[in-house]
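Scrolling down, you'll hit the structures one after another.
In what comes next, chain A is part of two complexes: it sits with chain B in the first one and with chain C in the second one.
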Partner chain A sequence: MTVAALDLPIAAPKSSSRAGIATVLLLPIALVNAIGFLLPVLNLAKMSFNEALAGGGIGEAFTTANWTGLLQDQFYLELLVNSVTVSLGITIATLLASYPIALYLHRASGMWRTFLTVLVISPLMTSAVVRTYGWIALLAEQGPVANVIAAMGFQPPRMMFNTTGVVIGLTEILMPYMILSLMAGFGRLDPKIEEAAQTLGATPFKTFWRIVLPLTLPGIALGCLLCFVLAISSFITPKLMGGGRVFLLATEIYDQAIVTLNWPLAATLSMLVLIIFGLALAVYSRVLQMIDQG
Partner chain B sequence: MADNPTSWSMRVIVGLLFLFLLAPVLLVFPISFSGDDVLAFPPNSWSLRWYEELVGNSVLMSAFLTSIGLAVVVTALSLIIAVPASYAIVRLKVTGSEFLFNLFTAPLLLPTIVLGLAILIIFASMGLLATFTGLVIGHLVITLPYALRVLSVSLGNLNLACEEAASTLGARPLVVFLRITLPMMASGIVAATALCFLVSFDEVVITLFLTGPRITTLPVELFHHVESQADPLVASASVLLILMTLAVVVTVDRTMGLTKAFIK
Partner chain C sequence: MMHQTIRGGGIEAIDDPYLSLRDINKRYGMVEVIPNLNLEVRKGELIALLGPSGCGKTTTLRMIAGLISPTSGTIAVGGRDVTHIAPHGRDMGLVFQSYALFPHMTVAGNVAFGLEMRGLPRAEIAAKVGKALDMVQLGHLSGRKPRELSGGQQQRVALARALVIEPSILLLDEPLSNLDAKLRDEMRAQIRDIQQALGITTVFVTHDQVEALSMCDRIVVMKGGFIEQVGTPHDIYEHPVTPFVASFVGRTNRIKGIGGQDGSIRIGSSTIRAAAPAQKGDVTVMVRPHRVHIDWDLAAAERQTHAANRIPAALFRITFVGDVIQYHFSIDGSEFIVEEATVRSQAGRRPGQTAMLSWSIEDTSVFGAGS
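Showing the complex of A and B:
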């Protein structure tokens, strides 16, 4: 990713030891990056090929046992399929819940638009723990949502400590990211085009289907990529709302690392998450190509 | 948009979706004034007892102080490290500066659960687990990319004329930087400060891997509390967290206008 600012013309200092000065200035950040990022991540990749010994020990010998074991274990295959399915479900739910808001914000103007945009961003500044806690209160067995459903004459479903709760909570938590991505992609949407379609006799539905939706596809693709990778790697909400009954990749990584102390397995699962990230990115660029070619 | 009025059905849908988006955060406020023993909404009675519990809870209070101290140290270090780095990358533009920029902001691309585990394993061998130093380094890994990004954009947007004039008039590079460049970067520095503080203060996942019984932060303690029991204590603590965030945002807004600081 490049920053436009980097391409500005630069006034070159007279000193010929520019590289020397730069090295000194960059040394601290390079040090933190090396100790806190490069070294740990490379070590993690290496550890996924180390043997897990009894009692939390780690064998130094190279082995592909973690990987082959993972791919042959029914539990982990289900975990993988489950994580991807749930994350895709969350992505679609987030898109459906966010699209109307983004479209409305795109058409709003002035102070009203600023106010609503601040409302959209404000949950981002609130800790995921706090928002998940709010959902636990909302979805509890005798909670407000269950009461409303009961008042309408239905039997309230169980919404806590199962996948339903995790999907509802994560959908809400990811909505700001989706709304902002959609709005960033709505730039091509000119009200004049919609007016033209309607003047020419298109119904509102047809205008949406043939004009609005195709023009907003790049924003949709970006938002879906972002929400999918955030959903599949999210930990706080599935851990707290799943109550130990919902098994997803991220919660399993934590349990293996902290509870079972099987670091090589946790490392292998982490690498699996990164591979899924790579695949999601590949799908995204393929989708963008298809959109470009119409 | 007078000639394209939004239909009523659309407004109702958008209103309901906004309610969905904001409900969990808004709910925390009434629950924090609950008089009940357990988490329930609406509360059966009202009181300030959970605020009293919060202030009287030594674990949460010391975690809160740790969080503040940590955020202050991390923010200060982030600026001290990222300001020179952004100068080197944007102004000195050495070979490979674009690669370095990408490398230094790369930690943000990794999921925090993976990054947290990776740091845990390395820190365990260095004896940095459950230490203040370990937490500072762990947080720097994710605050530095934000700081570097914001400061680089801010530096790149500056007009070079003032700096060139000062140089022409004989000021040494360091003097030019301290007297001209740094003051002109003020809005970027304020934005980076607020961002680093909030990111550090709210960080849970990486911190979860690096804390222990000896040292813990408020978000991590709240996570453990929600995990083990459901009472309104977390609501009053959440209100505290939200007010902290609001204070930072309002301070930034008062200093320079939020839009100016963040959207530039």
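Showing the complex of A and C:
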């Protein structure tokens, strides 16, 4: 879009002053995006084809070694599969936890709805670091959650410094995004339509399954896309709650860039994440198409 | 007063009511929407709940459908108490004002939904859906989505969807109010025809008196949660029992008068009579504008002695509406409108003229002044 707007005055110099104004207005954001996003990404793409030298150096020579090495290394394949499955798991957990809340919020009205919406959004005002430390305190070995489970006579499972901890923490952190996406996609859900289903003989379950769920699919698709992308690129929570034992793409990129100083490999992994984003977007638009036609 | 006895009491005894609402009360917190409602509907009858917005007609309909529960009272269909049965167990077809079609399903899918919920075999569903869509002349659009249809077509899909399940009662919630005037006339006739052909008991909620008068077997006029009058369109129009009914159904003139000892009414220097004897003291007289005859020749009018109410009045305004012409007279200080079908000779009338207005005693309704 930005490019098109930039091209307009050249293609049709005398078309109108509107195109000129549009260009002027779009220029700053286009520049910021080009310098702050496009150039670094291109640089990363280039770096992923550069040689990694000992001591953190980056060779100028073109090589596909990073990519071939990545695809042949069992560790990275497992890392990839693990990242995707954990992110999908987090996405599903977030959806299941958020859907009833979003549905309730959609049906609430007036001040009560405003109050609840603010309540749902309020965690976003706290840093993810703070919230993650909150979960660490809650889920720690002698923490309140473990104590409650123990008091009920069960052996408390390990909930910290493993995948369980990461999933619990990220699910809670991503819930506001999911709830807002779901509510944004609930536009077609009209209480009259549910009532119509009921008068036609649909039980509450059938009404949900045949009417409510299909009508809320756009919201579900949007929320899942957003949460999946946020989960797979999340770094702070897996780093802190994984305790160095949970290996995900984002944490590995950090380790390669900061600890091992292998920037070309970190760049390659980053490009891999970008490719996954692209695939997720493709699935999303396909799902939207299917909803529209179905 | 007559409507006082109607309020809260049994209205009109029906031998074999199919749908009956007994002592229905509905309150939301402190707000009493319907204090006490009793209504009986015969099998196969098309009955209108008519009233202004907020009169409780839609609340009543939703209680019949089971979408809301009455605070107290019972609802029975065919002798079976359905008060505590959930809407999906009530077997009623409801057509919403907004149609409420399922946007993610085709026209055929919408109509099939109720049959699928009843677990009918696929072939039978297809046959019934086809028949229902043909009935509303939409067979050729069965594969379309609701958003691809016009308002009138959506309305017919909603009707087919409600009828295909062969409900015990058809409930229509202002089904015509979102259509344009011409389409509304067509749909009015079509709904009535289908209702007659199927012989289905129907409750029709509307605020439009023309719809109620032209389509329904009986009309229930409601106001503020109370039933004002129940009767045939003819009864409601000709013999309104409350001033509200008289002014809400059809148009009417209101003039103040004083009831005398013998049941006659004094208006200015004239004395008139009403269909029923007037009570003593201040009264309100109501006469429909098109039931009044105008004699422009005062002298000739004086000589006539037939039994009619006669009042001389001064013309102060003429409104030409096209097929009718409205003469605005002044009687004892209040405006009194007389309506005539237009003919060419009316052109010569001028404000300031005096004429003798006359109308029959049967066309005169009288109510206590407080009302």
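In this section, the second predicted complex is superposed on the first by the 257 of 294 C-alpha atoms of A that agree within 3 Å, B and C clash if a C-alpha of one lies under 4 Å from a C-alpha of the other, contacts with A are read in each partner's own complex, and residues count from 1 in each chain.
Basically, a contact is a pair of C-beta atoms (placed from the backbone, for glycine too) under 8 Å apart; a residue touches a chain by one contact, two chains touch by 3 or more.
Quick caveat, the model's predicted, so the values are computed rather than measured.
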item	value
Which superposed partner A:R18 touches (first chain B, second chain C, both, neither)	first
Which superposed partner A:I136 touches (first chain B, second chain C, both, neither)	first
Touched partner set for A:P214, first chain B, second chain C, both or neither	second
First (chain B), second (chain C), both or neither touched by A:W112	neither
Partner, of chain C and chain B, that touches more residues belonging to chain A	B
Contacts of A:N33 with chain B and chain C, given as first, second, both or neither	first
First (chain B), second (chain C), both or neither touched by A:T203	second
Touching partner for A:F62 - first (chain B), second (chain C), both, neither	neither
First, second, both or neither for A:E195, with chain B first and chain C second	both
Chain B and chain C footprints on chain A, overlapping residues	195, 204
Of all residues in chain B, those that touch chain A in their complex	1, 3-4, 6-7, 10-11, 13-14, 17-18, 20-28, 31, 39-42, 80-82, 84-85, 87-95, 97-98, 100-107, 110-115, 117-122, 137-138, 140-141, 144, 148-149, 152-153, 155-157, 160, 163-164, 167, 173, 198, 202, 204-205, 208-209, 219, 222-223, 226-227, 230, 234-235, 238, 241-242, 245, 249, 259
Residues of chain A that touch chain B when the two form their complex	1-6, 8-11, 13, 15, 18-19, 21-22, 24-26, 28-30, 32-33, 35-41, 43-44, 47, 97-98, 100-101, 104, 107, 109, 114, 116, 119-120, 122-123, 125-138, 140, 142-144, 169, 172, 175-176, 191, 194-195, 204, 229, 233, 235-236, 239-240, 250, 253-254, 257-258, 263, 266-267, 270, 273-274, 277
Residues of chain A touching chain C in the complex	188, 190, 192-193, 195-204, 206-207, 210-211, 214-215, 291, 294
Parts of chain C lying in touch with chain A, wherever the complex brings them together	65-67, 86-94, 96, 98, 100-104, 113-114, 117-118, 161-162, 165, 171
